[in-house]
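One chain, subunit A, appears in both complexes that follow, with subunit B as partner in the first and subunit C in the second.
Presenting the complex of A and B:
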């Protein structure tokens, strides 16, 4: 008995479960992980990882603009990403190549704005941590008042994705095939891109704009290698995402006691490292099984 | 009813009337007309660029014709169409796609619907029925991305037929198959056409694997089409008229070659448009 309690005390550093910011971080982080993993599973299946990553970088402009207004950064991320998604769709309607070019053009433009806004952030606001927060997130600094906002956006993105579940699958296989079945392929693509924009925004809020793809693609890519049914992939990816966020928060909290200066390591590092490690291990384990599900 | 055998009470599942398509100033289809009856297996034959894919897309409603009309089961096609089963040429099946063969077949029933899929005993029974109809029991629970080209074609055929269409269109289903898998797919389609009374229209650039089983040839050249039995169409006079150029129909064993006339310059027109495909044809001959 005694040894168990000592061990658990070592894993869960004192105060972990009583800490308000930790509660908020775990709650928001879990919601974001589920949304990102669900939306991300379709992102990977549809070959839109580049669009997903572009949106995460593009979000930097919104996150950087938010403190200048000022509004909470989530609104900046969502506004810029939704507009960018709409632009990407308008510019890149015809072919996959046009889609990539459109994504690249919008990405370049948004990063230019991000450079301007980040510069303004450092010169006009007193908070010098803004740049790091926008780029790399700060899950422990999230206000609990954001919980309903995150939940609202999360439910919206999840609803769109699950509503489009079958048409998305069908058009991933062949857009012509989907169109002949009466699927409004274009409408489905736009609606999905909007859900993707929201998911990436939520992810940016927790682990930062430029890392947010990790939460979108990592759990999904891992799950796709392990199971052979879409429903299973959604559940497994969500589980991996939630586990990585939870463990990351725990490790970041613990890491305060690892260093002499008591600053600890950033939680985004742990989350991304866990996701990356999980994917690499999965890849190694499944690499010799081309017919692993046959 | 051009071509329907007298006395046969065949219902027309597809009628194409004087169909023309102009895209960017080019005449892609030029007054194409033919019909297809239920249970009939037709080969849509022509070289690349002859207009086969465009014709299929017009029938599917993906391209609007500039003139002419398409009737399916005697009526203009409706948008939410379960009347046509379609197997596209290009399907994107990544090995990591988390979808089993049976899931893909099920999407043929309700893939266009919104919301999460609901499973029912009735739905599963119908899926199992299609799995056995295309002989896919062995790989029904495998990921589609892990299947061979021939196996994927079977799954796609089951996907296309599960909603009980009267008409099945296939765009170059043999293009990426080895000869044996191709032959199996053709035999399967021929059986399905007869047993389920489905009109089948299959596009191909090489007619030879199809000749033993098809009831009708729709031969395309430069956007024009000639339709009828193989004996009626695969003749020097008919094809020369279609190509508007003298071509020769040559029979080598059981194979048919369509070559350009004017003796020395032998260029294969009918079944291939380059040497690579010609070699491929020779292999099948020696097989």
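Presenting the complex of A and C:
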């Protein structure tokens, strides 16, 4: 359709910096990337990637229930995730395997509920919006009015994580060591899961479940391979996350001129592909080592 | 409830439940619930890609779930398994989003892959489902001892020369095959619940692998049968009943464990 513009497509296609949705996407995307990378560094260290991913799906039950009550979907999302996080902690405390199964049970039950609420939504309110948004949410469809809400929840998740920094770090490296040093390991674990629940609700609702997990795990896992100190990993992970969001938004904006139908490729694809590629390359160039943190 | 069009649903659900019970035992024993979630969920990308290039959805599902299994196993050699699984599922889902964006026809079919349409299963789907199920059972039969050993006693397996890397790969490919079999008929949400809850509940009641597998199959069968029957009566979605019954059986398993240990102490 637009063969001229294909050839003339610059790195920054015309209008990139003047585009409203692009501004909003970059701003919210960066906030979510920093929050996810910070919370995610501990998710990776504690081996809770499954919980981090599961919460982005579990919240859809709350998102689907919200129109039935009716309340704004963000509250349903956060409420269900907080309850689910508490349940996971309650069910699976013994070993990593028990935790894995407990997460699976909670996820299975929540998805069942989501199916029911979704069915009720479509029969009573003809509203499937939330579930579709969460499954394939687009960073370009964000409303700028969401910025204060996103920032508020983001600050909450960041505050909990940073307030807990020392005890969280200690108990993530070794629960036994932390316990002997007087850290209340159980309390720290629950508080951390709450921060994770809030962070994931925020990212899943704004940018979708796919990007939520990608930004939570990808930058943190990459950073923890590259640097030894956790503080450095936090900063590096945030940088990787923000860079991937920026580059992904740019590529998605440019991609509209790549195809004949002018459809463009989804931004979530670019961001995930960048994060996945970075992670795989990092795995290949670094030696196998357990995460060392000091 | 047993009308002509329902027969396919009963048959498909029964086949899926039997395989899910057996594979689920290994899934729970290995602590691989995340992989059991990732492969069925991410494999939808294969179905979307298949529709884009005009090949059978089953081929797309098979190729993508196998590729996902290989990626998880490959990355997990160098990194933690849960991180490897998370990176694999997001890459699969992102490819799915890409494929979906390039086609306009696929969106409704997408939801049926997630939430399943077991009541809409037609007769042509029974044969492939049964054939893949048979392949799963044969593979489990051949690999039973090393797979069991590496799932239940990984250290002993290693000492006896069973390669943990190879067994992990075999197990993940088994989950990929189960995915290919189950997703077209019951959806990814349902197969995930059936892989985890019955086997996790069964382990609460017995420690012996043989009994545990049998019990898991029985619980899975009762779960799907009850879910189809109640769903038929109430018109509510089957996924809801499978999820709820699964969570309840697991909860009763945990209560049983607690009751037993208290009696033993007294």
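Simple rule for what comes next: the second predicted complex is superposed on the first by the 234 of 294 C-alpha atoms of A that agree within 3 Å, B and C clash if a C-alpha of one lies under 4 Å from a C-alpha of the other, contacts with A are read in each partner's own complex, and residues count from 1 in each chain.
By our rule, contacts are C-beta pairs under 8 Å (C-beta built on N, C-alpha and C of every residue); 3 or more make two chains touch, one makes a residue touch a chain.
These figures come from a predicted structure and were not determined experimentally.
Novice: Based on the superposed arrangement, let me know which partner A:108 touches: subunit B (first), subunit C (second), both, or neither?
Specialist: After superposing on A, A:108 lies in contact with subunit C but is clear of subunit B.
Novice: Can A:21 be said to touch subunit B (first), subunit C (second), both, or neither?
Specialist: Touch partners of A:21: none, neither subunit B nor subunit C.
Novice: Touching A:162 in the superposition: subunit B (first), subunit C (second), both, neither?
Specialist: After superposition on chain A, A:162 lies in contact with subunit B alone.
Novice: After the superposition on A, what does A:239 contact: first (subunit B), second (subunit C), both or neither?
Specialist: neither
Novice: On subunit A, which partner touches more residues: subunit B or subunit C?
Specialist: C
Novice: Which holds for A:116: it touches subunit B only (first), subunit C only (second), both, or neither?
Specialist: second
Novice: Taking the stated contact definition, name every residue in subunit A that is touched by subunit B in one complex and by subunit C in the other, in rising order.
Specialist: Correct list for subunit A: 44, 47, 221, 225.
Novice: Mind listing the subunit A positions that touch subunit B in their complex?
Specialist: Going by the criterion above, the answer is residues 41, 44-45, 47, 162-167, 169-170, 172-174, 176-183, 221, 223-225, 227-230, 232-233, 290-291, 293-294.
Novice: Which stretch or stretches of subunit A touch subunit C in the complex?
Specialist: Those in contact with subunit C are residues 44, 47-50, 52-54, 91, 96-98, 100-101, 103-113, 115-116, 118-119, 135-136, 209-211, 213-214, 216-218, 221, 225, 259, 263-266, 268-269, 271-273, 275-276, 279-280, 283-284, 288.
Novice: Which subunit C residues qualify as touching subunit A in the complex?
Specialist: It comes out as residues 28, 30-34, 36-37, 75, 78-80, 82-83, 85-87, 89-91, 93-95, 97-98, 100-102, 114-115, 189, 192-193, 196-197, 200, 236-237, 239-244, 246-247, 250, 254.
Novice: Quick one: which bits of subunit B touch subunit A in the complex? Just the residue numbers, please.
Specialist: It comes out as residues 57, 60-62, 79-82, 84, 86, 88, 90-100, 103-104, 107, 110-117, 139, 141-143, 146.
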